[in-house]
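In the two assemblies presented below, chain A is common to both, partnered first by chain B and then by chain C.
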Partner chain A sequence: MMKKINPKIFMTLAAIALTLAAAFVLNGVLDSYLKRILNLCAIYTIISLSLNLVNGFTGMFSLGQAGFMAVGAYSVAIFTVPIELRPSSFYLVPMNPFLARIELPLIAALLLGGLFAALFALVIGFPVLRLRGDYLAIATLGFSEIIRILFTNMQSITNGALGIKNVPPLSNMFLIYLAMILTIILLHLLLTSSYGRAFKAIREDEIVAEAMGIGLLKHKLLSFVISAFFAGIGGGLYGALLGTVDPKNFMFTLTYNFVLIIVLGGLGSITGTVIASFIITFGMEWLRFFDSPLRLFGVVIPFFQPGLRMVVFSILLMVLVLFFQKGIMGQREFSFDMVRRLFPRKKENAS
Partner chain B sequence: MPSIKKIFSNNLSAAIFVIILVMALIALYAMMLGQMPVAIFLQHLVNGISLGSLFALIAIGYTMVYTILSMINFAHGDIFMISLYFAFFALSTFRMPWVLALVCVAVLTPLVGILVERFAYRPLRNAPKNSVLISAIGTSFLLENAATYLFGGRPKAFPDIPSLTRVISIRSVNFQVVSLVIPLITAIALAILLNFIHRTKTGIAMRAVAKDYETAKIMGVNINQIIALTFIIGSALAAVGGFMWGAKYPGITPMMGVMPGLKCFVAAVVGGISDIKGAVVGGFILGLGEVMIVALFPSISGYRDAFAFVVLIVILLVKPAGILGTRVTEKV
Partner chain C sequence: MILRTEDLTMQFGGVTAVDAFNLRVPEGEIISIIGPNGAGKTTVFNMITGTYAPTKGKIFFGDKDITAKNPSQITKAGIARTFQNIRLFKDLTVFENVIIAKHLHLKSNWLQSMFRISGLPSWLSPYPAEEQRFQEETEELLEKLELSDQKDAVSSSLPYGRQRRLEIARALATQPKLLLLDEPAAGMNPQETQELSSFIERLRGEFNLTILLIEHHMDLVMDISKHIYVMEFGLNIAEGAPTEIQENPKVIEAYLGSDD
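After this line comes the complex of A and B, so read on.
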């Protein structure tokens, strides 16, 4: 007879369908400002998940996400700008004649960006992933800066410090949320596979994992490359959302945003990362009131001037690290079981 | 010079490396002789040495913290930046003579260092390493944002100090006085520091804490005091470096600490992060290398900032413990 299907799968599918339907409907309803923030939430989710794969699930500490994002964003910018609009960006140095003739649809450019980022991660992963802890953090950070410096100097390909303008703007929420959900599903499948368990074993104890027959370099490399792929995709979407791509957008301080998100969400929790991405992105917008002068009962309160928002933001980050080291979810995942456990009475009635 | 001798005498590999470096420089020089006049070359050499000395001063702070707490003090570069703002206000708002301003900055900046240690690092002393790293990143971010908020994001011009920026020329080699003062100050600071660490009781306690934290505690060393002192010394050196940096490269922005900070950490790793002398060796390699590469191959000057990271990757692959470091195997 037919095997009984777990109702949880139905609920998950329903949740996915609901999210996509909501994205589709909201895409037509919301104003562009709110849409932009919601899109940013989804893109940040993708990139934070990629960072969490390395930092939270494999136990390494990489700070190279901004570099991989730059690779993705630049491939989108280089390949999707309409050919006739390119000279308006490349007015100092003409674009490389080979690249100047290629124009790709957004999805192809995104995947290409992801693949380039993954390839780059593969090349640098071999030497770098032998390092541990702080050294790895510094080396990946160094590489992300090297990528930025390369892009600033390769005038004929990336237009150097001027950046590339006229990237076809992407504001389709459905597409971005589809990418986010695909990322979540793929990462979930990866992490529940034997590879995922190997990653977690490496996180818990490298030496024991190695003794149990897990190839350290192979698995670390796999995690790093997959992470770079998703960061490339996320970076491509980010570039398309911004509409212009410029090396200054990809300073390594950008990576700090994602570090904050995965710390808040919990190192090693997919759902935590999703929740934290939305909290942080909306929070950053909400904190904007710190930047404009505040009037309370007709009195101008001092201190409220541009720059305060980032101070508050960094203080929050510090408070978080000092007092809530586990984040919202720790290493747990949000699941329907957890919802049920929140309402114990209901469960008794049902049984 | 006894202090220079002391720096290298007890480590053969350092001496060999420096000799190789000097030989390589001479070889390059000989190669370029046709294209570059001697005077210009010497000018670049002086600049390279002074930049190397600055890197060394800042890198020592990284090394000292790393040896004791085994963490990267990401905020060190930003403490350096804060010291430049202190110097700016001391010189321009309070119109102090530069020597007095230097002393003031060297006294005030360590306060920031102590605060950072007290509030950002001490609560996490027994926490997992990643938390400490994130806290360090957060501190650095906080200092940058606070500086942007307090001092504004626009670059400020470091006040000109005529007695330091005066250009003197010896046989058509032109350089600023400050380029000679910097290596001198670095040498003096290093000599004092090494003497302090090796001769005084506090210095011995410091080395004990670096060697074995727990045992030192049992032996009655006041850990918190020693760690605070480490941050004070590191910040004071960074402050002196910052002052000289401002005199040589006027232009202060809240983000200016990031790049020198990273490069100096790289210098500390390249030289061997377990050794103060390593920081000096690494600082010189990076500073000289950077200036010389730009001088010899002007076409790749855009890649100037990448040089440090390339050196880092090479060193980590060839000798992960750094030039002066000894490899520590991890015990299970």
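After this line comes the complex of A and C, so read on.
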């Protein structure tokens, strides 16, 4: 029997190939500044998607992403810095002799970081996920700070407040965009499965979901652990992009960027998250001119000073929450049907 | 007896919402609990379905003690419910509302569900066959309950009566042996109530159900119940066949008040 290839699958594969090809080509063409922003966009997409899985799709309110990122970033930093370069970071207290001998390739360290983050999530999830709403937010926020404080004090493993330098810098757009696409595909597969429906049921109404036989703790834990895994991967890439990893990079304020992204994109939309990640990351860069003094017709405008960028951003967020509560996409997703509806003529040509 | 409670008691602080309630539900029958508002009927439901853990007493489902099990375990054991105030997954479609209730029968784990490849033998990728079965069963159920014409509509856009029916469809999707209906006729006019009564009868036959019903519409209750329990202030003040209940002076007093 001849099997016809579904045109949607074909188009999806084509879109993926196109993105990866573009990433590959742009990697050789663009200057390092633009490349860095684009890489940051992809990494923010991964982490925001992980947060959206918990907050947007499962209806919990977690603010622990910075903590899970730190776990991933430190895994990459600890395991990928070349052994001969380690003493230059660990000059106060030498590195733990067991760890000092292990060097792993980036991919292995990334996966390990994801797994560590997932393990952490599993351990704290058991007590914490019984909490609801704001209480869960506070508990996860506290937890992400605990991780940071732990890392600040584990001198022989993380080099404490000094951080770890000489992480082999990652600027390969192809690799980062591959990670982003894999994240999108895997989360899409999860969310369109029966488990994804169970998550959405919990988001809609916990009590009813449980009355329909969906074990709350099991499914919340699953969502939380998978989310932590991807946050760990994203954190690892982030650490590799920065080239140095130190505890101050993972303050709880970092999480707010991702909260902003998922609210702007739409809680419960993968497409929205991707779009919003790019908008916010580029926005953060382009709004930098607010932070430097501005001189107009010889007069210095007094408001333009460091910090104004965040004021503008906060106002944008308020406008968003007031007027576009569902974000760019709400809970909708991009589909080829949507494109076809936009261009009704094309449909006739295609078929 | 498919369901049996022994001295089921629920206290909230100093208030006794349900006091030593002994319920017997024989398999395949329609049994009703009636009583004025605040009598403790829904509390009985909440204890049976695991939403509340009873202060005292036991609940047996068949031979199994299900006292204070959590709601999802109880649903898995074969008890499904609807809610007094309709509680659909409002933003999801009719189809999604029902298929979600199939999830408890899923045998594939989350990894098998994610990495699904249709066309492989089921020991390699068991999920596609299960998903296919869920979809078919959901279609069939919607067909039986005459909801298929609106299966892709957002559930909150349905008219009131159909939302009630959808809630029942969702409960049936868990494939229960015992169905608890909490005021299914609330807000319905006499004609709709009459239709509901034959609908419930039909469900019982078609799905081999035992039905436990809370209801205020006396016509409906008297029409379809085999046995009726009457509650007032947490106490079971009377029980019996519909004709006995109608003539019971205690019941008349509870509903109409006494002279003094």
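Note that the second predicted complex is superposed on the first by the 340 of 351 C-alpha atoms of A that agree within 3 Å, B and C clash if a C-alpha of one lies under 4 Å from a C-alpha of the other, contacts with A are read in each partner's own complex, and residues count from 1 in each chain.
As a convention for this text, a residue touches a chain if its C-beta (ideal position, glycine included) is under 8 Å from a C-beta of that chain, and two chains touch if they have at least 3 such contacts.
Because the structure is predicted, anything quoted here is derived from the model rather than measured.
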- Message: If we overlay the two complexes on their shared chain A, which of chain B and chain C does A:204 touch? Say first, second, both or neither.
- Response: second
- Query: So, does A:222 touch the first partner chain B, the second partner chain C, both, or neither?
  - Reply: second
- Message: Which partner chains sit in contact with A:141 here, chain B, chain C, both or neither? Use first/second/both/neither.
- Response: first
- Of the partners chain B and chain C, which touch A:51 in the superposed model: first, second, both, neither? neither
- After superposition on the shared chain, which partner residues are touched by A:314: those of chain B (first), chain C (second), both, or neither? first
- Note on the structure: Of the two partners chain B and chain C, more of chain A gets touched by chain B
- Partner chain(s) touched by A:256 [first = chain B, second = chain C, both, neither]: first
- Query: Looking at chain A, which of its residues have contacts with both chain B and chain C?
  - Reply: 207
- Query: chain B touches which residues of chain A in the complex?
  - Reply: 55, 61, 63, 127-128, 130-131, 133-135, 137-139, 141-143, 145-146, 149-150, 152-153, 207, 253, 256, 259-260, 263, 267, 305, 307-308, 310-311, 313-315, 317-318, 321-322, 325
- Task: Name, in rising order, each residue of chain A that touches chain C in their complex.
- Result: 186, 189-190, 193-195, 197-198, 200-201, 204-205, 207-216, 222, 226, 331
- Task: Spell out the residues on chain C that touch chain A in their complex, using ranges where they run on.
- Result: 49, 51, 70-73, 75-76, 80-81, 83, 87-92, 96, 99-104, 106, 108, 110, 113-116, 127, 130-131, 134, 170-171, 173-174
- Residues of chain B touching chain A in their complex? 70-72, 120, 123-124, 127-131, 133-135, 137-139, 141-142, 144-146, 148-149, 152-153, 258, 262, 265-266, 269, 302-303, 305-306, 308-310, 312-313, 316-317, 320, 330, 332
